[in-house]
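Just so it is clear, A, B, C, D, E and F label the chains in written order, and each chain counts residues from 1 on its own.
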Amino acid sequence: MQIGAAYLEKEHGGRGVLLGGVPGVPPGNVCVIGGGIVGTNAAKIAVGMGAKVTLLDLNLNRLRELDDIFNGKLFTLASNAYNVERATAEADLVIGGVLIPGAAAPKIVTASMVSRMKRGAVIVDVAIDQGGCIETARPTTHSDPSYLVNGVVHYCVTNMPAAVPNTSTLALTNATFRYVVRLANMGASAALKADPGFAEGLNTFDGHLTYKAVAEAQQREFKSIEDIL
Amino acid sequence: MQIGAAYLEKEHGGRGVLLGGVPGVPPGNVCVIGGGIVGTNAAKIAVGMGAKVTLLDLNLNRLRELDDIFNGKLFTLASNAYNVERATAEADLVIGGVLIPGAAAPKIVTASMVSRMKRGAVIVDVAIDQGGCIETARPTTHSDPSYLVNGVVHYCVTNMPAAVPNTSTLALTNATFRYVVRLANMGASAALKADPGFAEGLNTFDGHLTYKAVAEAQQREFKSIEDIL
Amino acid sequence: MQIGAAYLEKEHGGRGVLLGGVPGVPPGNVCVIGGGIVGTNAAKIAVGMGAKVTLLDLNLNRLRELDDIFNGKLFTLASNAYNVERATAEADLVIGGVLIPGAAAPKIVTASMVSRMKRGAVIVDVAIDQGGCIETARPTTHSDPSYLVNGVVHYCVTNMPAAVPNTSTLALTNATFRYVVRLANMGASAALKADPGFAEGLNTFDGHLTYKAVAEAQQREFKSIEDIL
Amino acid sequence: MQIGAAYLEKEHGGRGVLLGGVPGVPPGNVCVIGGGIVGTNAAKIAVGMGAKVTLLDLNLNRLRELDDIFNGKLFTLASNAYNVERATAEADLVIGGVLIPGAAAPKIVTASMVSRMKRGAVIVDVAIDQGGCIETARPTTHSDPSYLVNGVVHYCVTNMPAAVPNTSTLALTNATFRYVVRLANMGASAALKADPGFAEGLNTFDGHLTYKAVAEAQQREFKSIEDIL
Amino acid sequence: MQIGAAYLEKEHGGRGVLLGGVPGVPPGNVCVIGGGIVGTNAAKIAVGMGAKVTLLDLNLNRLRELDDIFNGKLFTLASNAYNVERATAEADLVIGGVLIPGAAAPKIVTASMVSRMKRGAVIVDVAIDQGGCIETARPTTHSDPSYLVNGVVHYCVTNMPAAVPNTSTLALTNATFRYVVRLANMGASAALKADPGFAEGLNTFDGHLTYKAVAEAQQREFKSIEDIL
Amino acid sequence: MQIGAAYLEKEHGGRGVLLGGVPGVPPGNVCVIGGGIVGTNAAKIAVGMGAKVTLLDLNLNRLRELDDIFNGKLFTLASNAYNVERATAEADLVIGGVLIPGAAAPKIVTASMVSRMKRGAVIVDVAIDQGGCIETARPTTHSDPSYLVNGVVHYCVTNMPAAVPNTSTLALTNATFRYVVRLANMGASAALKADPGFAEGLNTFDGHLTYKAVAEAQQREFKSIEDIL
């Protein structure tokens, strides 16, 4: 979100809109695609900055939960081509946050939708590490982060958390520390046998692809870790 | 507000829109004209019901205060012809709440703006007791409360608080009780002399118009109560 | 909720109480029976309008969740005869929202409790399509929506969402669209076989009752769709 | 507030009620008399603890402001004998917070109202340093802080901020520091002449009572500091 | 929480800090150990009183939920020795709320961490009924509730809910009433057979320990109720 | 604020801290100097992004108002050298927002305080157009916006609103439009005579300095517009 806000500034090629607006001036319009962890956090910050935020997701139960969490500060829409097109056309900032672990992200926002967006609007595709959920997105780097398509600024840096290494290292350590300790104490094979949680996180072992979604996405042979061990 | 919500139902000729929406379906669009007590209370209830609310007022300081009070749940716009036209055109419900005590209300929403509103949208003009702040508004009664102009439902009942006599009687009594006591103890003339607050509330005395704004609006002679007593 | 608020107006036979009150005047007292989707949404709008809201449910875990969601703006009570009687006796508006899919709604509020309610109070029984969760409720229509029992206004229109067809059609479409597509592509029998979700939504097939709760409620023979296909 | 909450515990003679309640059990009922700084802060903490809070004040504009600040989490009532009696009779905890600087506090809650309160309810009279705004209140000390009247626990310790010296010293220093510096630099007489703010805070000078409200309350002669200097 | 707030007062040996602070004076620092029901409720009240609250828990998903519930008013930290030590060292009040049903609570806050806390800080160990989750905690009673270790006030009364019997009796009854009715109607053996929920709540039967966690904690023989019946 | 957040990213030389944190990882620490319009808006956005925000101001009444507006999501401190030094030393981001219209901004944060800040912390001095309220601040431009002092990133671009021209033009127009109309209709001299509001906004006229604060700050001769006309 803070990247999106920054790229809306004139200096970065954006429309020169302040997300939060000013009393008497309408705030920026943010469209968040996907109500998972990425999308929800983006929406939280956008709402916190004072923007008018619309979030789209396929899952109606998730929209209901988000409605409870945001308590009227967020507008939810069922995700379908009609709603996505209308919402992106009105947006100053689009956040692509649809990630399916291990699989290629579906292209929710098509090139034709992007062509109908406002000049100077900004797209941040957080799903770019899985190929992006916006058709016009292609991976960029922290040193050359953005490019234009139809006048729309695209920011699609891979490994975005690297921008805030202090916070992201702590977050990653919080999530992995207990696994690391067990791995160190037991060794890899024993740990994989003892704890199915490890097996779920394993991508390759002994030359075999052991993660089903990756194997399918890349059309390679899959072998389950149980069979190997 | 609850009147506006009710008239949006199909039965009453409205667009059949639920103000609060449902998770996944956009909420109703409410446009409140005026940020005084009437407009602010209408906006509070509209926000509370889950609608998307835009409030327009001339006074930027008031918009800033409203921004503090509503904390991101309300979009404020500076009131000018361009913004009023745009906001009413998008609205499902327009609340006219511009009242200038004693004087005729200014016509903020013109007939041409009303003609550009959605079919089945609803207008509630709370300023109708002062002539209304919407050009197409004319006074109606609780028994025949609404009419259509260009397919837009108009609800312009005079003395609206009469619909909830229980609450409005208590509210009126809270505000007037201390004055009544003083009036009863001192008599009218003495009370008017002793307390300039009384004089401010006086409309006629001894056959003279003693309220300046009313005298000007009706182009009659004004005589100050100080001069009379 | 907006129906309940409207029927509290004097014109509709109610007590003439404004749900949100006015600073210095107590707000209306709303009692919501049931903490499912219907009850929670009613409570949200009632809280948003500024009413004092009490919600009763049997499930303590659900009350805990509601406490988290409403964050002190709602008072929860464990549902039992003592609490229901006390809460309805104090209420200006009672919303009956206990629905058990396919089965007759249990009668939570008895006729004797209704007889102890305030004159001019309003009951809206949203469960009326399943027979109602309030003993004195009987189905009414949008053209003749309300009646009095012991001075208490009853609004028990079947198919209430029909009042806001615009919103309810979108909501229904959001929920059903994907099923419709699959049905159109596969045909009924194939779709029912392929997806147990379809089977769960089926009421009758080939002359047989295939929904267990309905069969039990109506004491007819039940036949599972698996057996038929 | 935290004192009031503590005294509601059984150990201290109170009703054994937890102010915040538990999901499914009604919270405690707190009645705050007065919407000035003392009352508002008490109400904030009571609301924060999850209690059901009613605040009474004479000033309708102040009630309107409090309504904006508390945003539906507080019920405001116009202060009059009828409302005070009803509110205290229902309360588990009454906070007396009506202070008129320099003058004796008016007795808002009469002994007869106290006699109608619940057994084990708690009264905390913060106005006790000005004589108390509750008729049955008499000053107590931190070592013997409470007593019973009609089964109602009274906590009326003078100089209550002394319980949290750390916080109250900082608060006092924040408010007085700039005056102290000026006093040290200029001397008393020069400072009193140069800054009318000093004069307003002066109680006695050279043997004379220089604070009007105190002089009136104690029926002694008043001499303005301007006349003395 | 209200106990913790009270013990921070000078009278009770605490630091004399008001949890909510005063505008311009920093609020008290509260550290809550554990994000279950006990910890979450303590955090809610602490946040409501205006304190600066940090909550630690092992479970990152739970921290995410709490983040949604508290909406920026609470700081969450992953629970590990480094974070616990840092958070307790800065705290004015530590609430120990880590309970594992039936088992001894783990010692999250060590004696060495307590020795680095501020003089006059307060510890309330709600887990004391399971042995306490703070190493320096030992059971006390309502009549002699607190003691000092390294200048830190310890409040570790067993059966704390007894302080508010009115509320806790209702809460307990809400949770148990339906079981009691079934027990009365069916008798113990039949009820235990018919409803596995009963069996889960059973500690001893016919001289045997039937609760696994207790049996393990006390190293006694365990016999399942299914085997006995 | 969004500039400050961006400069905390590693790419821009900052500490690599995400202002909002992540559940389980502490958020960034923001220190806002000044509680006027600039500081309050910065604080709102910082709070909205999930940061831990401390705001310092001299005016205790303003701190009280901010406390009401932010409702526990902001920590206020009385502004004095001790508090400023402590707050900046802990901050990841310092926003300087002390502006006195027309006059040079006072240096609230001294160079020695900056030297005690964390490496990689960020300072944004919004008061730079009046000389800055941070001693180490010197004006920069949008093309070369930042520099380091003691490892602390300084962003002190003059005319910051130019980054979002769309929003700032509308905001400026809202505030000035009515004056422009009157100026166009009446001419400069007549408008200045008719409306003292114009005179207050005038800086120079006919070769004279007509704004007192500017005249004093620059030690030039002041002539009031009344005398000139």
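What we mean here is this: a contact is a pair of C-beta atoms (placed from the backbone, for glycine too) under 8 Å apart; a residue touches a chain by one contact, two chains touch by 3 or more.
Quantities reported herein were computed from a predicted structural model and do not represent experimental measurements.
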Under the document's definition of touching, what chains do chain B and chain D have as common neighbours? C, F
Quick check: how many Å separate the C-alpha centres of chain A and chain E? 37
Any idea how many Å lie between the Cα centroids of chain B and chain C? 34
Approximately how many whole Å separate the CA-defined centres of chain C and chain D? 45
For chain C, residue numbers touching 2 or more other chains are 21, 24-25, 47-48, 50, 60, 64, 72, 78, 174
Here the pairs of chains that touch are A-B, A-C, A-E, A-F, B-C, B-D, B-F, C-D, C-E, D-E, D-F, E-F
Complex contacts: residues of chain E adjacent to chain F: 21, 23-27, 47-48, 50, 52, 60, 63-64, 66-67, 72-73, 75-78
Which positions of chain D touch chain F when the two form their complex? 37, 48, 69, 174-175, 177
Listed in rising order, chain B residues that touch chain F in their complex are 60, 64, 68, 71-72, 78, 80
Enumerate the contact residues on chain B facing chain C in the complex. 1-3, 5-6, 8-11, 15-22, 24-25, 41, 44-45, 47-50, 142, 162-168, 170-171, 174
